[in-house]
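Structure in structure tokens, see below.
Residue numbering begins at 1 within each chain, and the chains themselves are lettered A, B, C and D in the order written.
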Amino acid sequence: MIFASDNWAGAHPRIAANLAAHASGYEPAYGNGELDARVQKKFAEIFEREVAVFFVGTGTAANALSLVSADRPGGLSFCHRESHIMDDECGAPEYFMGGSRLFAVDGALGRIDPESLAAAVGRFAVDNVHAGRPAAISITQATEVGTVYGLNHIRAISEVARKHSLPLHMDGARFANALVSLGATPAEMTWKSGVDIVSFGGTKNGCWCAEAVVMFDLDRAKEFSFIRKRAAQLFSKSRFIAAQFDAYFEGGLWLETAAHANAMASRLARHIAGSNKARLAWQPGANEVFAIMPEATAMMLQEKGARFYEWLKPARFDGGMADGEKLWRFVTSFATTADDVDRFGETIG
Amino acid sequence: MIFASDNWAGAHPRIAANLAAHASGYEPAYGNGELDARVQKKFAEIFEREVAVFFVGTGTAANALSLVSADRPGGLSFCHRESHIMDDECGAPEYFMGGSRLFAVDGALGRIDPESLAAAVGRFAVDNVHAGRPAAISITQATEVGTVYGLNHIRAISEVARKHSLPLHMDGARFANALVSLGATPAEMTWKSGVDIVSFGGTKNGCWCAEAVVMFDLDRAKEFSFIRKRAAQLFSKSRFIAAQFDAYFEGGLWLETAAHANAMASRLARHIAGSNKARLAWQPGANEVFAIMPEATAMMLQEKGARFYEWLKPARFDGGMADGEKLWRFVTSFATTADDVDRFGETIG
Amino acid sequence: MIFASDNWAGAHPRIAANLAAHASGYEPAYGNGELDARVQKKFAEIFEREVAVFFVGTGTAANALSLVSADRPGGLSFCHRESHIMDDECGAPEYFMGGSRLFAVDGALGRIDPESLAAAVGRFAVDNVHAGRPAAISITQATEVGTVYGLNHIRAISEVARKHSLPLHMDGARFANALVSLGATPAEMTWKSGVDIVSFGGTKNGCWCAEAVVMFDLDRAKEFSFIRKRAAQLFSKSRFIAAQFDAYFEGGLWLETAAHANAMASRLARHIAGSNKARLAWQPGANEVFAIMPEATAMMLQEKGARFYEWLKPARFDGGMADGEKLWRFVTSFATTADDVDRFGETIG
Amino acid sequence: MIFASDNWAGAHPRIAANLAAHASGYEPAYGNGELDARVQKKFAEIFEREVAVFFVGTGTAANALSLVSADRPGGLSFCHRESHIMDDECGAPEYFMGGSRLFAVDGALGRIDPESLAAAVGRFAVDNVHAGRPAAISITQATEVGTVYGLNHIRAISEVARKHSLPLHMDGARFANALVSLGATPAEMTWKSGVDIVSFGGTKNGCWCAEAVVMFDLDRAKEFSFIRKRAAQLFSKSRFIAAQFDAYFEGGLWLETAAHANAMASRLARHIAGSNKARLAWQPGANEVFAIMPEATAMMLQEKGARFYEWLKPARFDGGMADGEKLWRFVTSFATTADDVDRFGETIG
């Protein structure tokens, strides 16, 4: 009953096996090998167009360096107030940008409200050096609270981006979970909806350590190899990332694992919705479930072997929480079993 | 006949197997799992004292963040003119330090000359804000040109460090190769000789991607978890690094692979020394061999399947190179076979 | 009728004259001259204790470098949501800190609410590398909206700072205006109330360009000469700043000019309060007056020669503003005349 | 007999007077006043073309921000090994660039040798992310050792810059001294010889604190207002810099003061050349004289009231210095009198 994080799982057996299969033999280092080239081509197929793909080691790096590539002096990157880049990266985006700022925008359930965004960006006059100036917009798909932006929502945000000539970045640490939730294609969920740069995450969905920055503007991408190397994210034995993505995409494994994780979350949500000890805070859109219950109930569940974390109540959330009630996060993954979920269901009964 | 780099090899089979063995099951993320703790304890055993160990993803990161931990405003880090941190990291150390400078010191065959170092550090008066001030000293063991610092040499450098109250960092991307070359213990080669911080590399010696910053001053280490996270080097599924180190140390594998790579380099060196088409630039101390030969000879060897790179002649090297002669680097690894080396020997005959 | 900014005024005649008086003769550069030493001693007298004083060229620099001196990896500096460092320095504090973040705290009328501050700081667990960690607290005295922290208010904030071992910084761009408003001594308004670092501004109160970072912890100050030089804020002919401060303090000029500016603001406020075309948004505490009026009224006033700017409505301000009404800022200075103020009074009638 | 530095002098009386003359009255802040506009126009006249002009407070800032404007990820800025930006700014250029590196190039007497420059730049292959890549070239005019680049020399360097598409920056802290030494026009010494960005210094030549970044590429200049503000170099009462430049240019004062300083240096050099206690290290080109003499002689001169500093012997200087002999720097300025110089001449006899 481990619902602590999708990061508590290891690697999917097919990914682990492929990594082992590529352990022998020589390959040019630093991403110049055949496997790297083949996997990069695979990205182009998946996104149905030419793309620039840069492997990096962590989601933090993918996000921070994506924003570096969009930044300019005095730049502001707009993101959701409770986004991962704002709350959970120890200031890495600003550190890598050398001090440019993240600007918090509100919106219900982890999704930026396009009108709030337009107002926030609009506050900054182009020539006002005192206030700084917009440089990028970043959305998280799926969001930190397990919801998913619909395609129309993404397009509404990209309209603001276009109006102000700002690149739109998608933090896709849970890209696959959102994708299968929407039933959209990767192209539809990104460049066809106005996204310019994607942090494409594999780690949370069954890889060990496989993240990629995907860029649709090949001109912008020209700087990126220096941005990545300078940031200590160019791996010498880069094929160890390529081999993970290779297995990840093979036979659509990535969509299977994401669909499984999402299904487990739905199953878990049904148990919680049907329980009288806890209730859903909101409907899950991907592989995270947020529930409201008293601390005592949570303690009881933990004692019986369940693992999950308390979550800070979002600023704008009004879920009718009573005194003593708290918000809790449950995360499922490729490794979650229906048995485990059902066992939890019995426990919470 | 692949002597291009120790990074062209993949992972040692026992390391690949151990990684696969740890793929299943749940573990707390971000280095809080049992395997991480066990491997960190192993580091303490190896170094014969309490140490702080921080896994990171690349040697570039290990070096850059080690220097960040030692830096201060206006700081200068002294390193060899042709060290890896100076020549091959796209300025990553300075980038992560936010602008502090690397200061080049000379010395024969890739090793800092202690007297030159004393003179260089001594140039900077403690109170001269215009010139900046020393912050750290960094040596590379084994060096970029395949030589090894003897223990007395390290101690002579650490005396300069002590005199000026500067921490001494060792870039140990090829730590194991130097260690078996010296026949020293890890303790002797580091803290017993005055080293304060080690970039402990596993990648070049048979791991996929396993580097660690090892600190002997636990107080200094308190800042490091923030330094690492902010730098996008805290891996969520950290056990994938731990599992590599686990197998790396198990049964002394790391010393075996290093000893093998060194032996292959010696064997290769003997072939070159005995050839009339090329000659050794200097005696190898670890797993890199540098040879002098005309470009035509190198092309002939490449055509017959050998892979190796030209190397920029060190500033202070006077090897009696004739017009048209060039310097070439050959690197061996755990994966190099005696057959391959001997086949090269026959080719160069 | 120039109420655009206290920066639109030039220099007070006595300051201009003293600068001219010190133009001839030789003085050691970079702050090592006698005049610099004498003026620094004057700061110690004013603050009734030993202090470290560092001249810099702009308020932006004083604030940014103060925060640099308090920063640490992953650091967060807490300030008011609408403070100057947040809204009007193009991200300079974060740039100089190399990426550490400003964290917005709310509070009525430009003053941080101590409870909100305690809650904000308390959110960050000491060991949570993901979220980063508190590094400093910064208050603005007088605030950006012309109000002043009382001594008890400062002490309440410094209690939060002490509890979390955080240095407390005061942005004193309008230090003198606040001081005379409170009728307190410099010591009372700073270290006796728990302030550790002061950006001591002279520019807005009659100097050309005279700002100083004042530190009460002499140990912390040891790093600062490097922090300042590296930041391009060590002036070679430093006496040109010293000469300004020299005249500024001479005979209490600084308190006179501040008292005059404040009195002019009060006079202006009375005119506005008595007008039926505009009303005060809140009572002024120093030398800034904020008024509510329709754009048409403001345009009429501008046409008749008044100069003042629109001000963005503070997030938490509920001043019963009607549709079409806007918020406007008026700033007085040493140069403002009672005639000018009264002429404005007649105009707004 | 003060030859310690041109920074030991104060301000020229006409500059001090003009500053006082502009002290009264209101002017829009942050460089938006009429005087600023008028002085900027004057720069355009002086350079015989449209230019972008940005006032800053220190030469360190002018240099660092010029390089920021030319920088890119992994960038290297080439400068003379003993240039001011390398030796005397506490790493400010790298700090403001966020870590990009200065790359030392050699050349006799403080001037970059074009062939060495070509070789240094040529070492960096455009696609080699490991080594980083050239971003800018910076020369100092007059140099740190008082010599001056001839126009052909500048053109030879700008050819290297053009070949590699690198902007050429001129550190003109002593721009006027070099200009009158060459008898060239500002246009000839800069853009007509291939210079793209100038740090135009007024401080050392009679101003209090007046430096400007002058850009000939107006497109590049578009970013600069943000680069300057973010770097705390936008002065609120900017007219205090404008007023200095106003008087500086009026009636060619700047050329007069520079010519005077240079003449004083020549006069001083003749005294030294004619002395048997000291000898010239090399011929002065501007307002600095370097002499060789034993420490005892220097001490004797200091005791008799002369002020001057020891200078670190340049790496490539072979001036036949005997044991016990040292190198000393003498700087003249607008304030130096012929009497003082002659008194020194008598003393050194």
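Following the convention adopted for this analysis, a contact is a pair of C-beta atoms (placed from the backbone, for glycine too) under 8 Å apart; a residue touches a chain by one contact, two chains touch by 3 or more.
Source: prediction; values computed, not measured.
Enquirer: Weigh B-C against B-D on C-beta contact pairs and write down the one with more.
Expert: B-D
Enquirer: Please flag the chain sitting at the greatest distance from subunit A, going by CA centroids.
Expert: D
Enquirer: Averaging over Cα atoms per chain, report the distance between subunit B and subunit D in Å.
Expert: From the centre of subunit B to the centre of subunit D is 41 Å.
Enquirer: Subunit B to subunit C: how many Å between their CA centres?
Expert: Roughly 50 Å separates the two chain centres.
Enquirer: At which residue positions does subunit A touch at least two other chains?
Expert: 30, 74, 89-91, 95-96, 98-99, 129-130, 132, 226, 229-230, 234
Enquirer: In the complex formed with subunit A, which residues of subunit B make contact?
Expert: 2, 4-5, 7-13, 15-17, 19-20, 22-30, 56-61, 64, 89-92, 95-96, 98, 203-204, 208-209, 226, 229-237, 239-240, 307, 335
Enquirer: Residue numbers of subunit A touching subunit C in their complex, please.
Expert: Against subunit C, the touching part of subunit A is residues 74-76, 87-91, 94-102, 123, 129-132, 312.
Enquirer: If we count contacts the way the header does, which residues on subunit A are in touch with subunit D in the complex?
Expert: 30, 68, 72-74, 98-99, 127, 129-130, 132-133, 223, 225-230, 234
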